[in-house]
Amino acid sequence: MACTAETLAAALRAAAAVIAGHRAELIELDRAIGDADHGENMDRGFTAIVSALDTAIPETPAAVVKLAATTLISKVGGAAGPLYGTAFLRASGKLGDAAEVDGPLLVEALRAALEGVQARGKAVGGDATMVDALIPAVSAAEEASGSGIAAILSAAADAADKGAESTVDLVPRKGRASYLGERAKGHMDPGARSTALLLRAFAEAAK
Amino acid sequence: MKKIINDPKTVVAESLRGLAAAHADVLRVEDDPAIVVRADAPLAGKVAVISGGGSGHEPLHGGFVGQGMLAAAVPGAVFTSPTPDAVEAAVKATAGDAGALLIVKNYTGDVLNFETAAELAAAEGLDVRSVVIDDDVAVKDSTYTAGRRGVGGTVLLEKIAGAAAERGDALDAVEALARKVIGQVRSIGVALTAPTVPHAGEPSFDLADDEIEFGIGIHGEPGIERTAVMTADELVARMVEAVVTDLPFAEGDKVLLFTNSMGGTPLVELYLAHGIAERLLAERGIVVERRLVGPYITSLEMQGMSLTLLKLDDELTELWDAPVNTPALRWGV
Amino acid sequence: MKKIINDPKTVVAESLRGLAAAHADVLRVEDDPAIVVRADAPLAGKVAVISGGGSGHEPLHGGFVGQGMLAAAVPGAVFTSPTPDAVEAAVKATAGDAGALLIVKNYTGDVLNFETAAELAAAEGLDVRSVVIDDDVAVKDSTYTAGRRGVGGTVLLEKIAGAAAERGDALDAVEALARKVIGQVRSIGVALTAPTVPHAGEPSFDLADDEIEFGIGIHGEPGIERTAVMTADELVARMVEAVVTDLPFAEGDKVLLFTNSMGGTPLVELYLAHGIAERLLAERGIVVERRLVGPYITSLEMQGMSLTLLKLDDELTELWDAPVNTPALRWGV
Amino acid sequence: MACTAETLAAALRAAAAVIAGHRAELIELDRAIGDADHGENMDRGFTAIVSALDTAIPETPAAVVKLAATTLISKVGGAAGPLYGTAFLRASGKLGDAAEVDGPLLVEALRAALEGVQARGKAVGGDATMVDALIPAVSAAEEASGSGIAAILSAAADAADKGAESTVDLVPRKGRASYLGERAKGHMDPGARSTALLLRAFAEAAK
């Protein structure tokens, strides 16, 4: 499947549906170790992305991703808003004016997204944040970079799932969950989970 | 969940409508993005002191907008920090040549969103500074946490910075004063029950009937330990000890004592706790020169309280005493 | 039961100690019997407006002692009206030649104890009058009940009678004015949860997760009906309807709208409800000229709210606007 | 047993113990249809009576009863304080300066107590208040007026028990419980219950 502005928009719509379906789960994860809003925040943001896409789909893949970025920044709030917003913004920056995104370009964009999140939030691997889903996802994507878009995203999503899973045993050091210290052990980080959900939705959409 | 609301998604917007209707003489509410600004904004020749954060902590911040305190408040969704464009809109609606000071409570979300807003505003040529308040002694300020949270001290900071701006201090001076306040204010909170966020629909955490959470933030986030219920004497003694030894506050220090209800704790209990705190501070030779008692920075309907101590000097006392006219704090006007 | 207390038996006495410490500039607390009096009492040449009742409704009444409002407050045990000797002590501590007006909320206990106190004081040659406020439209005023209860209107009455006394009105005039206020103020309350009285140790009544009590008094006593939860729009519409049609308030009437939290309802919900009430009154052509929004007459930690409407005229508006300096209401000073 | 100042004081102490033992029950009854303070109020009042008697026992029966009356008035508050206070005050008035109370005088005092409660509170029989325990108690006492103190009080206590029981089926018309209307049915009136408890305590003390 070609990765154009149109298919990217469709993937974002698919992601919005997945987030809406997991809204309660993300709230519950955040309730356990944070402030019970991550599902609501993500749902508000992706619902707004769908509305924006309903009005008009920008011409280039970069513009679509940038629209998602600015919408997330202006609608989500909380920690997740600026972090995901920056991720999409940096990814968009990589895409340039390409009319279609190929495997290697996608991998570059994913790497840029990760770097953006780390630049903004200063979290490293093992801090029990969305970074723990993103780092293995980007590595897996890089390894699969020769295969097609769908395969790359599938590999990333698989790795993100494992990464999210790994946060269950970690003591958080960033974000609200860090206040809990040892007590946060046994809970999956909501942002890591939403990262894994988004990558899975993109992978499915690319099939 | 039982709440007086129509729809979790519209709670903040509808509430702001009521705030605007109730206090039209003092403030107005602008929509999309939602911000609360002084009725007489923009403020020519005066620094605009602006704060904001997730909603659900009322009267913070909207209830502190008005003469002698905040120029604007930026309310996010319940317990969710507002977005950069809302903060930027508040700056544009209130700040003139004298610039703006953003008061940011130290939570990852608030810091990231306000930082971005400050960059956006600066890019448009506005003189915007920000200070981050982190007065909660319950959190160890180490690389293992997001750092100390901004809690009760925020109310005192907003009053004092607002008073400095009102008397015409320049941005440099208001900022320096804000940093001074942040340097000498410390707080600790406890929760007896959990708040219920409207969109979540159930209590944010589970606390047994015989447990309290010692060292909570304003969303009920945990801090030091979950412990058994204790008498008010024991509880307040532990709280006073935690706050006093942190700065530390010493014998002979003049302080403002702020005894705050987290929302659900009734005044009869709050004054009881306040009386104990006054006694314990007197025993330590710490001189309470000013006090504030009531629900000023809350966590929805959560039962619990916080104690905040601010070390006073003549300038801070004068700024605290200066006239203020906001929905939640008013004197001298 | 989780509360910030030491011992249910000493809650009120300890709480008063904290009140006294927090507001020494405005009031003082006398012990045995416990009363709260203005710092500058006795009041030469001015009528002493005095109220009181069971504790647990704070800031009512102790939080309204001060310049321009109450000369004294008489706090009983939690939810238990004070005894006659306490009321008499309050009269003696504050009243001079100008006499005293007792504001009594219509509950059997309050009426009986204040009546006895008035007799005792009169026997000592003091000019003491009393008025009974019964503004709660939830109770049918028939021989089948103890009559309408005194609720939210009490706060407005205390402010207005206090302002009249402060400007030097004679006892006859203050009493007449108080009766006028009582004649044109109406209230209704709802409860979402029950309060827990410290000595009882468990909630005063049981309310299912999907039920509310429509038409409660300030102890959560029931009134009209126990009903299913509803949206804020529906709830406030029912409340406005009940209050407006009772007096009735008519198109063109100028009113003060008082939106009160029963304690546990957070401000974000209260302002939301206030906004709805403003809209509904506007639709009826009733002109809201003044408003008060907040937890002013509460029922411990009970979640719920009340709406009070007072029909205004120029004199009442002027007295409402007059300066007041108490712990809970302050402006113009 | 002779009814002197001493034995009356002992009866009041016995009554205080009974009230203390039933404090929780009276709170619970009041919780159901009132404001959950009746047991606390009565316990506070009778504890204060015991303290007062510990200091000095007045010389005459009338003075002992008057001490109880003024203590209740100044310590109980609520509706029960003035009502019980008035009851004891009126009873004391009947006792004059007798050094010992006999059956007929006791009955007169009980009647005066009832009249005092009704004068203050304006409740009639059937309003579901303490009056519903007092009316049958006084009638029973009057019928037993020829027998001894103990027998009179026993008869009164038996009747008061039944009277209190009768409030279960009534719709209250006075006091806080009246706000409940029909919903108060099925609950015993706390003041009627405390009246029955007091009379039973006096009867036991007189044995």
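Read from first to last, the chains carry the letters A, B, C and D; within each, the first residue is number 1.
Everything below uses one rule, namely that a residue touches a chain if its C-beta (ideal position, glycine included) is under 8 Å from a C-beta of that chain, and two chains touch if they have at least 3 such contacts.
Protein identities per chain, from UniProt: A, D = Dihydroxyacetone kinase; B, C = phosphoenolpyruvate--glycerone phosphotransferase.
What you see is a predicted model, and the numbers here were worked out from it, not measured in a lab.
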Shortest path length from chain A (Dihydroxyacetone kinase) to chain C (each step joins two touching chains): 2
Contacts common to chain C and chain D (Dihydroxyacetone kinase) (chain labels): none
Chain B and chain C: spacing of chain centres that average the CA atoms, whole Å: 29
Distance from the mean Cα position of chain B to that of chain A (Dihydroxyacetone kinase), given in whole angstrom: 32
Inter-chain centre distance, chain B versus chain D (Dihydroxyacetone kinase) - centres from mean C-alpha coordinates, in Å: 54
CA centroid of chain A (Dihydroxyacetone kinase) to CA centroid of chain D (Dihydroxyacetone kinase), Å: 74
For chain D (Dihydroxyacetone kinase), residues that touch 2 or more chains besides their own: none
Residue numbers of chain B (touch at least two other chains): 78
Pairwise touch network: line, ring, star, complete, or other: line
Touch relationships between chains, expressed as pairs: A-B, B-C, C-D
Residues of chain C defined as touching chain B within the complex: 2-7, 11-12, 14-22, 55-56, 58-59, 63, 78, 192-193, 209-210, 212, 229, 231-233, 235-236, 259, 263-276, 278, 288, 291, 293, 295, 298, 300-301, 303, 305, 327, 330-333
Complex interface listing, chain B residues touching chain A (Dihydroxyacetone kinase): 8, 33, 54, 76-85, 107-109, 112-113, 115-116, 139, 143-146, 149, 197, 199-200, 202, 204-205, 217, 219-223
Complex contact set, residues of chain A (Dihydroxyacetone kinase) against chain B: 27, 31, 34-37, 40-41, 44, 73-83, 120-121, 171, 173-176, 178-181, 183
